[in-house]
Amino acid sequence: MVETVLETSGLTMRFGGVTASDNVNFKLKARELRCLIGPNGAGKSTFFKCVTGLLTPTEGHVYMRGQEVTGWQPHQIASLGVGIKTQTPNVMDALSVHENIWLAARRFYNVVEARERADSIIDRLALGAIARTQLGQLAHGERQRVELGIVAVADPWLVLLDEPAAGMSAQDVDRMTEIIHELTRFAAVVIVEHDMQFIRSIAQTVTVFHQGAVLMEDHVERVMSDPQVRAVYLGKKA
Amino acid sequence: MGRSASQDVMITLVVSAMLIWLLPLMISTYTLTVLVIYGMLGLSLGLIWGFGGILCFGQAAFFGLGAYTYAIAAINIGESTLPMILAVLVPAVFAALLGAMMFYGRLTDVYLGVITLVVTLILFKFVNSTAGPQYVIGNARLGGFNGIPGFQTLNVPGDPGAYIWGDPYFYVCAIALVIVFLLVTWLLRSSFGRIAVGIRENEVRMGLMGYDVAARKTVLFAIGAAIAGLAGALFANWGEIVTPNLFSLGQSAEIIIWCIVGGLGTRFGPIVGAAGLAYLKFMLGQQSMIDNTLVMGLILVLFVLFLPRGLVPAVASLLNSIFGRTKRKPRPRRMRRARHG
Amino acid sequence: MSLNRRELLGGAAALSTAAMLPSASMAADTIQLGSILDTSGIFDAYGKPMDQAMRLAVKEINDAGGLLGKQVEVAAYDTQSDMALYSQYAQQLTRQDKVDVVHGGILSASREAIRQTMRKTKTLYFYNVQYEGGVCDRNIFVTGVTPAQQVEVLVPYAMKKSGPKVHILAADYNYGQITARWIQKFVEDNGGEVVATDFFPLDVADFGSTITKIQQTAPDLVFAPLVGGAHLSFFRQWSAAGMKDKVPLASTTMGVGNEHKVLTPEEGNGIMVAYNYSQELETPANIAFKAKWQAEYGDTTAIHELAVSTYQGIMLWAAGVRKAGSVERDAVVDALETGISIEGPAGKVTIDPQTHHATVDVHIMEFEGQGMTVIETLPQRAPIDTQAVCDLQANPGDNTQYEIEI
Amino acid sequence: MDLSFVILVEVLYGVASLVLISAGLAVVFGMMKVINLAHGEFMMMGGYATITAVGLGVNVFVAMLVIAPLVVGLIGLIVERLVIRHLYGRLVDTMLATWGLSLVFIGLATMIFGNTTTGISTPIPGFAVGGYQVNGYNFFIIIVTIVLVIAMFAVLRGTRAGLIARGTMQRSDMAAALGYSPDRIYMMTFFCGSALSGLAGAVLAPLVGLVPTSGGAYIAKAFITVIAGGPSLIAGLVSSATSFGLVSQFFTFAISPVIGEVALLIAAVVLLRTMPQGITGRFFKGKL
């Protein structure tokens, strides 16, 4: 019996008259890698924000490792040991790479250990050459990588990534894929993404969102060949 | 981060000892005392704004609260030690409550500005309308517009008859400023300070890392208020009267101008800005050709336009480029001032 | 250092540099008079004419050969309507400039900010402003009128002209609170009744609701010791509502800073006041004073009560110095305590030895065409309010501002 | 009965004056996301422009309704060109720079006009309602405000300039993409906002006296009203002015003017705490 690390039941989010997330039931096992896909406005990001505490759902529940976390603040969820990366690069621009990652490690470890962990993750992500550079001066791909380091440095058991590959070069994407695979050795990973290429390269199970609800959930190859999914992606009503 | 902590402390001690020795030879200690007090007040806002990203339009509220707390406590208690402690604690507790209300409500930048401004106005209006005999705390009449004169001023702890005033009072204030400065240095070097800077840079990210941003901002806000309260109490002792003007928006405006002119994101900048501009104001009072307000306004506008980082960082980078120790590229860093509140 | 300052401040540098130097070297051949007034900032409407009056008085003394054969030299500081600067400049005057006397202070808060410094440094201090009364300190002399001096004569006059029901609107600070109590006392002493008393902080400028409230209490007379520019709006809004011809107004403050010249005749005419001075006084002393002012400044419209008080304060001090034959504080205080008096533009001014306040002529006046027409003059009114609480002859060590209980 | 009418007029006047003193600030903030802390001084200059013009023999209504807005609008234009345009997108910096400007204007006005309170008398006489006298000028202010709100609505709804303005409010880059220079739009907006401030200052000048520091009395209230109103320009302005006007007038009549002001401030704190995006951030969404 593998532990369920993330579960939502009847998760619903309405903005005024718009239902952005509609009765989503979702389950994720430990060390599972799951991609959330769907066209723009399908409700992936709303779902993501409800799970990470950036939004409080209108209805429904969120559980992590069996504990109800509905309505928790992001910092409370993160404190459980959840690593979160938002859609746009969300980093401290005026601080150096090392400082950024150190701050993330310091939340869970003492000063000395935090430094050691930051150093080691910088090595693993091949950021050594720019460790003392301010984030504001780095290219987009490098910033994404630093943010991944921020997420990974504290050894999370659940990692939530919103479009980690957006705007990256092919080479960067390859490295990203590698890192994500490495993460799944210890953690469950949820990736919100609409780059099909990237999803094919890393995913096994994907969950397809459409109009706020889960359309289907299956292995990536079967999803890709599903006529309904194709129709949704092409904008036709299924 | 270039220097080690002990170097930093040594430099601070040597420089301040030099200044405490040299300055009284040029400016009368009575005037110097108030410059030192304003320096401390500038530092209090410089800490929360420059390092915490909290732009408070009402730092004068804590200054005034400290001064009034001291005056009221001194009238009721007599001996000055406990009133001094209260003058630090009361503004800190008040700020903690106010900060918790604002930060847990996720109020940021402009909204934060409005709330702090409004709270200052409320305090000002309240204190200003307490002239009637019904407004009494213990033996202290609040006095309304005219303020509270005639309270016990600072004495040697334990000996209410031994007043500290004149030159010794200057040394007390100067040493207090050095101690506060060192405490601020230590705070900023600690994890708490580095996390505060992280919050200034990106609140959402720090929250996603698991930091309770609201709690940390509240604590920092309260620390800033405690320093402002101490400055207020020292000011009350210096002026021997407290008036509602301490709470005024004009006073708040001046503190902000000091920080901008001196330089945000530095510890030294707000102190230099405060002392420099207060001295300029004092000098301008001795002439009548040009209106003082006009000069202050022009200084602020010109700094925002042409030197938004302030004097100290500008001078520092100038010195760096002349006596450049390292070959690092000059970094076109512009602090994102208070973007996140 | 001083070069930079000179570049920065131009002509003013000479003054400030002089102020930096030890003044002992000059003290020998001149007498130093310190002045500390708000000649800029929000109170400069009071302070500027006071400054002019001070300079005029000193010039007159010097033109007549000075005091004790020495010229009087002025060290003047502008406190910019900032209370903190009062403390600073008071220290400057007493510890560095080491002046022989200080004249100045406008608001009561400013006086209290510097009074103790003057006392500690044994510098004789003159406060030349109308105020709430009650200061009891041997080191200070007060030449302005106090509430009882005005209210005692104004209340019966105003009630006789209107009726017994009085509504009081007072500025919400020390002065207003105390004056309101004196008004209440004298209204009741004269068989009237105070129907309501409202207090307004100095920044209140909207009196719409208040005017409605007054109409509910339906008084025969409104007594309005309101202070400052914002409160001036009351008189304007009162007239705009058409109340002016229905209920008469009286005030103890309106016009002290020449506020009546800002109101139109329609808004101001008929308001009853009582002061020590009016520009319209037809006495030879006032005519001569206005001529001197005209010669010095070209325009007499700025003269007001506080300016004349300042002028009279300096003349009283000068008389004291002459009588004492010295500028030494205790000698001058003793000389003034003999009940010395001078003939000023507003009439005879006598020092009351018991309180160090002034016994002055009080004139009942009404506004007319932006001037103050004198209706009746009541000569030599003593400061009875302060006398009730303060006796410096009996307790020369006293150092309090009494809140006068009625 | 008479009393309730009189009180009604006072309450309406309270609301109208809040709308009036906030309109200029609201336009500039709504369109440009610039907080003009010199707004109060713009009002003060509107007052001085009126008094100076009246002193030169101009009809008082012409001075208030035409000359003052024009003069202050032009001053605003100069300020925008010299200072504000260098600071777009830097909210806090513009606040600080305009704060500095407000001090500069206070200083200049002091040097030119002196610190003595000046003013003009109200050009409209009071009249009697039953046993009560009412300030006729209050009606004038109420009417000017109503006309102003209708005019703002009409311009935004019905004209090409209004369309561009609405577009800019939604997305400043959109207007640029449509070929309108944001630079010019901002310039015009600042002109209009300043002119509105000037108008407000001019219209209020006869009621309350004028000193160079008069602006300080308005800026806090205007600032609070605009921020509490939230993103929608007209709906926000009217809704927050109404809420604050009602609260402050209620306490003014029940207790005293000071308590009325304090009640307004406390209401602002409560409102912003419960609705951090302002009233129209929650209600009346998408309205003008």
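First chain written, first letter: the chains are A, B, C and D, and each begins at residue 1.
The rule is short, and it goes like this: a residue touches a chain if its C-beta (ideal position, glycine included) is under 8 Å from a C-beta of that chain, and two chains touch if they have at least 3 such contacts.
All values reported here derive from a predicted model rather than from experimental measurement.
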| item | value |
| --- | --- |
| Innermost chain, where centres are averages of C-alpha coordinates | B |
| Between subunit D and subunit C, distance of the C-alpha-averaged centres to the nearest whole Å | 38 |
| Whole-Å gap between the CA centroids of subunit B and subunit D | 33 |
| Rounded Å distance between subunit A and subunit C, as computed from the means of their C-alpha atoms | 74 |
| Residues of subunit C whose C-beta touches two or more other chains | 40-41, 172, 199, 201, 203 |
| Subunit B: positions in contact with at least two other chains | 125, 129, 291-293 |
| Multi-chain contact residues (two or more partners), subunit A | none |
| Chain pairs that touch, as defined at the top of this document | A-B, B-C, B-D, C-D |
| Residues on subunit B engaged by subunit A in the complex (per definition of touch) | 191, 194-195, 197-198, 201-202, 204-213, 331, 333, 335-336 |
| Residues of subunit A defined as touching subunit B within the complex | 52, 54, 73-76, 78-79, 84-86, 90-95, 99-100, 102-104, 106-108, 111, 134, 136-137, 150, 154 |
| Subunit C to subunit B touching residues, read off their complex | 1, 5, 8-12, 15-16, 19, 39-41, 77-80, 82-85, 87-89, 91-92, 95-96, 107-109, 112-113, 115-117, 172-174, 176-177, 199, 201-203, 401, 403 |
| Touching residues on subunit B, where the partner in the complex is subunit C | 26, 28, 30-31, 34, 125, 128-129, 131-133, 143-147, 149-150, 235, 238-241, 243, 245, 281-289, 291-293 |
| Of subunit B, residues touching subunit D in the complex | 55, 101-102, 105-107, 109-111, 113-115, 117-119, 121-122, 125-126, 129, 249, 253, 256-257, 260, 290-302, 304-305, 308, 337-339 |
